[in-house]
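I'd like to ask you about the structure that follows.
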Amino acid sequence: MATFGLIEYNDASPQVKAVYDDIMTTRKTDYINNFWKAIAHDPALLKRTWEDLKAVMAPGALDALTKEMVYLAVSVTNQCGYCIASHTRAAQKAGMTEAQFAELMAVVGMANETNRLASGYQVAIDERFRV
Amino acid sequence: MATFGLIEYNDASPQVKAVYDDIMTTRKTDYINNFWKAIAHDPALLKRTWEDLKAVMAPGALDALTKEMVYLAVSVTNQCGYCIASHTRAAQKAGMTEAQFAELMAVVGMANETNRLASGYQVAIDERFRV
Amino acid sequence: MATFGLIEYNDASPQVKAVYDDIMTTRKTDYINNFWKAIAHDPALLKRTWEDLKAVMAPGALDALTKEMVYLAVSVTNQCGYCIASHTRAAQKAGMTEAQFAELMAVVGMANETNRLASGYQVAIDERFRV
Amino acid sequence: MATFGLIEYNDASPQVKAVYDDIMTTRKTDYINNFWKAIAHDPALLKRTWEDLKAVMAPGALDALTKEMVYLAVSVTNQCGYCIASHTRAAQKAGMTEAQFAELMAVVGMANETNRLASGYQVAIDERFRV
Amino acid sequence: MATFGLIEYNDASPQVKAVYDDIMTTRKTDYINNFWKAIAHDPALLKRTWEDLKAVMAPGALDALTKEMVYLAVSVTNQCGYCIASHTRAAQKAGMTEAQFAELMAVVGMANETNRLASGYQVAIDERFRV
Amino acid sequence: MATFGLIEYNDASPQVKAVYDDIMTTRKTDYINNFWKAIAHDPALLKRTWEDLKAVMAPGALDALTKEMVYLAVSVTNQCGYCIASHTRAAQKAGMTEAQFAELMAVVGMANETNRLASGYQVAIDERFRV
C-alpha cells in the first residue's frame, strides 16, 4: 500500500496520533487518508507537511475551493495519480461542481498546450512583461 | 525574437489581421503580445488557439480571475518563462492582488512538493477515492 | 507486461543472453528485472543502456548508494512508477536505511516546491551565481 | 529582478529581518540571495520555507553534501534555471568536486533516459518490487 | 473508469452523438475509446478537442504516421499512462513497425537525457542558434 | 558560458580532440557547438554521449529528419531552452521546412493538452489498449 506500509491510528506513536487528531478535527472527519499514513514513518515530515498544508490551504485572500482547484491543476499537470484522485475529492467536498471541474480541466489543458507553443516558437518575453 | 520572427499587424495577411483585430477588441487593448505574432506564421494555429482560448477563458462556472490564476499555476509548474511573465500580467489585469498571488504561489509550491511525496512513498489510492 | 512482451532468458538471442549474463554477474543475482526483458526487443538499445548504466552507476567520486538515491530522486520527480519501485529496491539493496529514504524524500519534496517558487516569483539569477 | 522586486535588508520588516539574520548566521555569510529577497513579500512563506529548508538540509542520516547534490539533481530534472545556478554553488560550497558534479550529471541524465524507456515500453512492475 | 464515468453512445445527447459519429466515420471504426467517453461530460470540450485533433493529425506537411509517433514521444516524456497505451496502438494502426517504435524510443530516451545535461551544465546558447 | 567553462579544440586533450574530430567529420562541419565543449570536462561522458547520439540519430527505420523532429518535440515538452534552439537548427539543417515545423508544434501542443485531459479525467485504459 506504500513503501513502508501504512501506520494506522492504533499503532501510531503519540506524536503521530496528535497529527492524526488534528487532521480529523480540522477536516471534520474520522478518516485519515493513505498519504498521511504512508509518510507517518517520518513523524517530523508528517507534522511539518500537515502544518504547512493547513496554513497554506486555509481561506485567506483566496477561498478554500479556489485553492483546492489550483492544487488539482498542479497535480494534473504533474500527472500524479494519487494526488489527482484525492484532490478531486477534496475539491468536490469544498463545493466544486461538475461544471467547475470541466472548466478547470479546459484551462489546464490549454495552458499545457500554449506553454509548449511559447517555448517551441522561442517567443521572447515582451518588454512590458519583464520584471 | 522568435524562431521565424514576429509578424507585425501591418505585415499580416487578412486572415491574421482578423485574429489580431479580435484579440484587441476582446481584450480592449491595442497591444498584441509576442506569442500571437510568433505563431501567426501558422494562421490556422493562430486562429484555432485564439478561438479556443477565448472560449476557455471566458467567465462561466469559474470567473476570469480564477481561470487566469489556474493558468499561471500550470505555467509555473511547467517552468515556462514566457507564460509566467505574460500570465502574471494577465492575472494582475484581471484583478489579482499581491496577497492573492502570494497565496497562489504557496499552493503551487505545496502541491509540487506533496505530488512527489505521494509518488515517492508509493502511496496506493484510497478505496474511497477510486473512480 | 510490456508493449512487445518480455523476452525470457531461454528465448533470447545469443546477443541478448550475453547482456543478461553480464547483468546477473555484475549484480550478483540470478534475477533479470522486467525493464531489461522489455527493451530486449531492441538488442542494440539493451546493450548500450546496460553498458552505460554499468559505467555510470559504478562507484567513483560518488559511492554506489549515493548514486542510487540520486536515481530515485529523479524518478520521483518525473513520477515514473516503474522506476520508483525498482530503484527503491535497488537503493535498499545498496544499503539505504529507512531514515535515509525519509531524508531523501524530504529533500526531493522541498526542491520541487522551491523550484516553483523561484520560477513563480521570476527570481533573477544572482550576479555571483552566473557562469 | 523578480515579480514584486527584491526586499533589501534595510527595507525589511522586523519579521523579515529576523529570517535574514538567521539565514546569514546559519550559513555563515553576509549574503542573502535573491530567492529569499523575492519571496520576502510573503513573510509567512519566507519564514516557513526557510525553517523547513534549514531542517531538511541539516546533516542527519544523509550528509549535507549529499543533500545538496540531490537538490541539484531535482532542479536539473525540472529545468529550473535559478535553482540550478544557486544549488550548483551551494553544492560546491558544501564540498562538491568537479568529479562529483560530473558523476552526478551522468546519473541524472541516465535516470531521465531510462524513466522514459520504462514508460515508453509500458513495463509492468516486477512482482518482487511491488509494495 | 473515469471521474464522472463514461458516456456510452446510447446515453449520449445528440450533440455528443454527432461527435462520436464523426470519430467513427473519420477513423473507419465502430469503437469510441474511453478518452472521448470520459470528456463527453463537457460537450463543448469534446467537440473542440476532437475537431482540433482531426485538423492537427490530418496528413499535411507531415504524414499521419510521423504525427502519431511525435504524439507518442510527447506522451512518453510526460509519463501519461493512458496516452502511451492509446497512442502506441494508434501509431501501430498508422503503420508503425516494431523497428520504428524501437528507434523512436531510443531518440526519446536520448533527448530526455541530453536535455538535462544541457541544463545541468548550464550551457549558453551558441550565438548562431539564437533567434 | 557553462558551469565549468567551454573547452576549445586547441585546449583539448587528445581524447576530447578525437571526439571533436569525429563530430566534425560526421556532421560535415568545422563547428563544435557549446553543448559538447561544456560536457568535455567529463571526457567519458562526452565520448559515450556522442557515440550513443551518433548511433541513435543515424537513419534506420526512421529517417534523419523524423528523428530530429522527435528530438525537438521532446525538448519543447521539457522546456529546455538550449535544446530547443540547437535542435530547431539541426532539424532545419536536416531539411525541416517551416510548414513541417508548424505541424510539428501543433502536434506537440495538442499532445501536451490531451495528456492532461486524460489524466485529469482519470480515464481508465481501454481493455483493448492494455499490454
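Chains: A, B, C, D, E and F, in written order; residue numbering restarts at 1 for each.
Keep in mind that, in the parts below, contacts are C-beta pairs under 8 Å (C-beta built on N, C-alpha and C of every residue); 3 or more make two chains touch, one makes a residue touch a chain.
Note that the coordinates shown come from a computational prediction; the quantities given were computed from them, not determined experimentally.
The set of chains in contact with chain C as well as chain D comprises A, B, E, F.
When you average the Cα atoms of each chain and compare centres, the chain farthest from chain C turns out to be B. Of all chains, the one whose Cα centroid sits at the greatest distance from that of chain D is E.
At the chain C-chain F interface, residue numbers used by both copies make up over half of all numbers present, so the two copies contact each other through mostly the same positions.
If you average the Cα atoms of chain D and of chain E, the two centres end up 34 Å apart. If you average the CA atoms of chain E and of chain F, the two centres end up 21 Å from each other. The centroid of the Cα atoms in chain A and the matching centroid in chain C are 27 Å apart.
For chain C, the set of residues touching two or more other chains reads 1-4, 39, 45, 49, 52, 77-81, 85, 88, 102, 105-106, 108-110, 112-115, 117, 119-122, 131.
Those residues of chain D that touch chain B in the complex are listed here as 3-4, 39, 41-42, 45, 49, 78-80, 131. Against chain F, in their complex, chain C makes its touches with residues 1-3, 5, 44, 48, 52, 55, 131.
Interface residues of chain A, counted against chain B in their complex, comprise 1-4, 31, 33-35, 38-39, 41, 45, 49, 52-53, 56-57, 60-62, 66-67, 69-71, 73-75, 77-78, 80-83, 85-86, 88-89, 97, 99-100, 102-104, 106-108, 110-115, 117-126, 128-131.
Of all the residues in chain A, the ones that touch chain F in their complex are 72, 76-77, 79, 81, 84-85, 88, 105, 108-110, 112-117, 119-122. Those residues of chain F whose C-beta lies close enough to touch chain B in the complex are 79, 88, 98, 101-102, 105-106, 109, 122.
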